Amino acid sequence: MKKLNRRQVVQGFSASALSPWLAGNSYAQSSDIVIGAAQPITGVFAFAGVAMNNGLNDFVQWKNSKGGVQGRKLRYVVEDSGFKVDQGVAVFKKIMASDKPNFFYCDGTPLVKAITRDAIASNHVMTSSTSLASVVADPVNVPQHFVPGATYGRLHEVLMEHIKSTWKGADKPRIAYVYAESEFGMDGIPAGKARAEKLGLPIVVEIVTKQSGIDVTTEVAKLRRARPNIVIFQGYISAPMPEFIRQMKEAGIDPDVYGTAWGLDKPAFDALAKLGESLTGVSLYATGDDTSAPMIKEIREYLSKNRPDLTHISPFYISTWFTGMVFAEIADRCLKARKPLDLPNMKAALESIQNWDTGGIIGLPVDYSKHEVLAGRLIKYNMDKKFMEPAGPWIKV
Amino acid sequence: MRTGVFYENFQSEEQLWNSPVKRFWMLAFICALLTLPFWGTQYILAMACIVGIHVIATLGLNLTTGNAGLISLSHGAFLGVGCYTVAYLGKLGVPFYVTIPVAGIFTAMLGVIVGLPSLKVKGIYLAIATLAAHFILSFVFREWTPVTGGVQGTTIPRANFFGYELMGDKDNFYLIYFLAIILGIAARNLGRTYIGRAFVAVRDRDISAEILGVNLLKTKLLAFATGAFYAGVAGGVLGYFYGAIVPDYFALTLSIFYLAAVIVGGLGSVLGSIFGALFMTFVPEALRLLSNASSHWFPNAAGLVLPMGQVVFGLLIIIFLVFEPHGLTANWRRVKRYFHLWPFKT
Amino acid sequence: MTGILSIPTNSNETVEVAGLSLSVEGVDLRFGGIHALRNVSFNAKAGEVTAVIGPNGAGKTSVFNTISGFYRPNAGSVHLGEEDITNVAVHARAKRGLARTFQNIALFHGLSVLENIKLGGHHTMKAGVLSALSYSKSMREKELALRAEVERRVIDFLELDHIRHQSVDVLPYGLQKRVELARALAMRPRVLMLDEPVAGMNREETEDMARFILDVQEEWGVTVLLVEHDMGMVMDISSHVVVLNFGQVIATGTPSEVRAHSQVIEAYLGAEEAH
Amino acid sequence: MIEFVEYSLLGLLSGGVMALIALSFVLIYKGTGVVNFAVGEVMMLGAYLYYAAAVTFELPPVVAFLISLAVISILAMLVERTVLRPLSGQPAVAVMMATIGMSSIMHGTIETIWGGDTYQPPGLIPRTPLFLGEILIPGSVLGNFAIAGILIACFLAFFRYSKTGIALRATASDPVTAATLGININFATLLTWMLAGSVGTVAGVLIASSAGLAPSLSGAALGVFAAIILGGMDSVLGAIVASLFLGWLESISAGYLGGKSRDVIPYVVVLLILVVRPYGIFGTRTIERL
């Protein structure tokens, strides 16, 4: 009996091991404009990956419902990368082989770095990704890539500008940097510090924690001793921010709390709101609740039809929707000029984008000559309305 | 049907593939493998490369843990050492046929240092000593920015063979499998010499082995060194394959992945290492593809189905431990025995 | 280095490995409170069979383990031939011709019978890891030489041909004991230590084992030191007997002398009562 | 100076929770000889169950806590029966990998059910910070240490005085004799697993209530292996002392070298210890027999 079970079990698994060869490739139609993606639908970034996947997918549907690009349909081919480089690379190669995509969306800096060589060599694909790292906003070494918004450095420069312009206190603000020991945490800091110095804003303490800061007691004690009146968090989704706030409150100090980009999503502002702290920070895009932006309206309409259960529009969703817009714009410009969609043409098309109207997703006319957007906007959590709302004008750097 | 094989002298019996049939299949397999780039899709090719790298690494761990019974949780970090060595030397313009051996040797030396506690402690204590080594190494990967590029990671220049750049996966494929085959045979060789026997003896009863004339110090450190050498080489080719790497890649989970591969494949068997690496690479991939396919019919299935990957990974380990302690090689032998006498006995 | 051995090709040459004398002098061994051996001294003459006997817990195996170097004596010394090996590393003693079997069988279950026996020849091998990985010509020759040697001198001799390639853990007890002996013989012993070689064997197996031991001693001139409970066998094959009790030597001499020794009888009777 | 004192205090206090995790580990190792690499996931699962009961089903914290204890105990029991008993007598690597396999299963299950989001479970006790002049001991640290301390004290008492506790110790030191003395080994093993599971759960809930509840929680247990080696795997006292010491060490290194050195410094110390005292400071050396 037991033997039988074992046989069945082991054979069962051996069979499933074969299935990648059996699993058929999806049909390829030459007329389609193909957007491939390796999304972190599982793993440590699942919470973002699902939203990002929906965002890009929904944009494609929406665009096609509006007639596609120059009469050609967009097609979205996605697979899960689990936020693992090797899995991501496998996905990239697979999609490159089966669907010959014109655009490819990566799950982060490591994957972008890992596929850049092949992407350039293939000469038929433009890439973008979640990553806001400065290393991938590099027209020379990463020519096929663009950042869907501002890089961390830019965001922190915007933040410092904002602090400079809004600080009311008699003496200078005491700024504390708290960031995770990870790309998301560390990438923007040097630029931010440089700008702070230029503006004469003192950084009184810098605290590095582990990405998943389980125990941060000592770090908080350190922060407390510096008595900051502004604390800038970078690289956290939520934890360990709440514990920082709690302990500072216990210590009777109540600084303004700033964050950037992904750190301004629901998990963060909800957790802090519970502690009576309203999060402020620099956002890449208009928030999902921004009524002034026409494109956000479009998104809301689309969602009310297709995802009625989805109430909160995360920046991740908007980010991939926006990325889709850029992809479409590039394709559109190439096709208008009767140029084939190869890398040089698409790169040229990207860099030709100037004072482009993004329907308010980015409030200023967008200039993509540097493969990134040099603007950001301050947003603040509204305690009674329970969402992030504009807290200042769009700032260009 | 195959009749029995008879030997006139020990020499013919001691050969690696000691029957014409074995030699034939070996040859056939290698031919099929070497032509893969011409019949496989780009995806299959990439997967094959990844498997090849895993095979090399698993072979190494199987020597240390499978043959000599020394549990190592720093194998993944060893790959990192190899990878960063290649990256560093590669940037200095050193060709790959130098960097890869150097990576191997350097990692082997490190392996000796990490293996030192094995003289004083065994089993789980040793496992945790190697765990310590893992944490220290990954700290170095993250902090020693000038060499490793820190948390941002680093890039590895393309392998260059006398002016010819190994660019596509085709080239990398041949590089990887050249090494995989060489190292596979080497591991097999080691197994049938006095050193291989000493490894097993140390695993089974190290005190008796010592009394029978086996130098424990030398043998244990040698086991660590060879294992680490394989890891270093695997890390090297890994670097050339991906062209860019971040420290997170060499997480503890990587070491565990290889331990799992060793267990699923079969402790102390070269064939086991190959099976293990193949299986542990393809099962999650298969799962991914399945859930992808399923998501055509019900969207958002992915988000629910895919975390099960971890569950399946865990289940695999346990199922094999409980039901098939000798790993896939045992199944393989069963199949072989069956065909050996087929069709006369079934 | 007994040169002739490493040339298996001219297998007609019979090889004489001169046995060495083994002497234990004033060995004292303590584990915390327990005083396992008190000033134990005896001498196993070269080429003869010496037996160490005594009731359970008398310290027989402790003596063996001290000679093997597994225990370091608190006082006293062990001499192999002329050389003082008290502080020689455990594994290095094999090279000097000190071979042994274990009371509770210590075969390696991961290795086949043949490989277990070959392991005995470990200390005779020297090739280095590189030639092992590449299975170089010299490595192959060495391995084949070893194979030929154990086949000729041990496997044929102990009649193990038929189970050569079997795995050891499926073998019956008696055969396992014999494989252990084979492994010890593969070590090119000059002093062969046997820890209860016939324990748990039936009459027939015991007689076989006794025959093998005598053959070894006669044909190879090896010194044999054995611990055994089976008095009949001890008295038959050993030329010299050492009696231990409570970690002390209470009598030494020829079998007949020892048999007559009052303390010995008392020790055994006492032991019997204790049982 | 005052900084140093504060860091030291904070470190020692936060060592309390680590001691709980270490205890959970040592209990199992002493009792069943199993090296439980899933200790982190057990802890995390306990915390999630507590969250589910307390928030999703809106039960009062204490009830929720008791429920999660019960469930964890049952799961521990099942695992012991289905996985570990069949593996008894297998080499160390096999058992170790089995526990790793379980940890992977638990991790996957948790992600499937709760996803990757961070939750904020209610604390077991109110947070009241303590001011000692310039030094501030945050409420969470204080509360966690208090609970951990009490629990550990209870355990020590249980093992020293209660009949069952003594029986467990007997089983741990010599199963065969214990059996002959009429102690039900199977029951002892189960009890050990249940106790260890619940200790882990407490640790998990404590950590989660301050650090938040996310799949990264299990990472908190990685540091504990250092403590275990330092103290000696089979010594409860050793585990506790080592945990406190490492807590202090982590805090000092985080304070003066920065948070990233948190998990490496302890292991450097461990390596050094291993060279000097292979079986830890309080651990008993295993005596080899031929």
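The chains carry the letters A, B, C and D, assigned in the order they are written, with residues numbered from 1 in each.
Keep this in mind: a contact is a pair of C-beta atoms (placed from the backbone, for glycine too) under 8 Å apart; a residue touches a chain by one contact, two chains touch by 3 or more.
The structure presented is a predicted model; accordingly, all values stated were derived computationally and were not measured.
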Separation of subunit A from subunit C in touching-chain steps, minimised, is 2
So which chain is farthest from subunit C, going by the mean of the CA atoms in each chain? A
Of all the chains shown, whose C-alpha centre falls nearest the centre of every protein C-alpha atom combined? B
Chain centre separation in whole Å, for subunit D relative to subunit A (CA means): 37
Rounded to the nearest Å, the gap separating the Cα centres of subunit C and subunit D is 49
Taking the mean of the CA coordinates per chain, how far is subunit B from subunit D in Å? 33
Note: subunit D residues in touch with at least two other chains are 111, 115, 260, 263, 290
Hey, what residues on subunit C touch two or more of the other chains? 70, 102, 106
Could you pull out the residues of subunit A that touch at least 2 other chains? 42, 46, 181
Residues on subunit A engaged by subunit B in the complex (per definition of touch): 2, 5-6, 9-10, 13-14, 16-21, 23, 41-42, 46, 50, 53, 79-80, 82, 85-87, 89-90, 93-94, 96-98, 109-110, 113-114, 116-118, 121, 133, 135, 181-183, 186-187
List of subunit D residues in touch with subunit A within their complex: 3, 6-7, 10-11, 13-14, 111, 115-118, 120, 127, 129, 136, 138-141, 207, 210-212, 214-217, 219-220, 250-251, 254-255, 258-260, 262-263
Okay, in this complex, where on subunit A does subunit D touch? 42-47, 181, 207-222, 224-225, 237-240, 242-243, 246-247, 250-251, 267, 271, 274
Touching residues of subunit C toward subunit B in the complex: what are they? 68-70, 89-91, 93-95, 99-100, 102, 106, 108-111, 115, 118-123, 125, 127, 129, 132-135, 139-140, 142-144, 146-148, 151, 183, 187
Contacting residues of subunit D [partner subunit B, same complex]: 35, 83, 86-87, 90-94, 96-98, 100-109, 111-112, 115, 222, 225-226, 228-229, 233, 260-261, 263-264, 267-268, 270-271, 274-275, 278-279, 288, 290
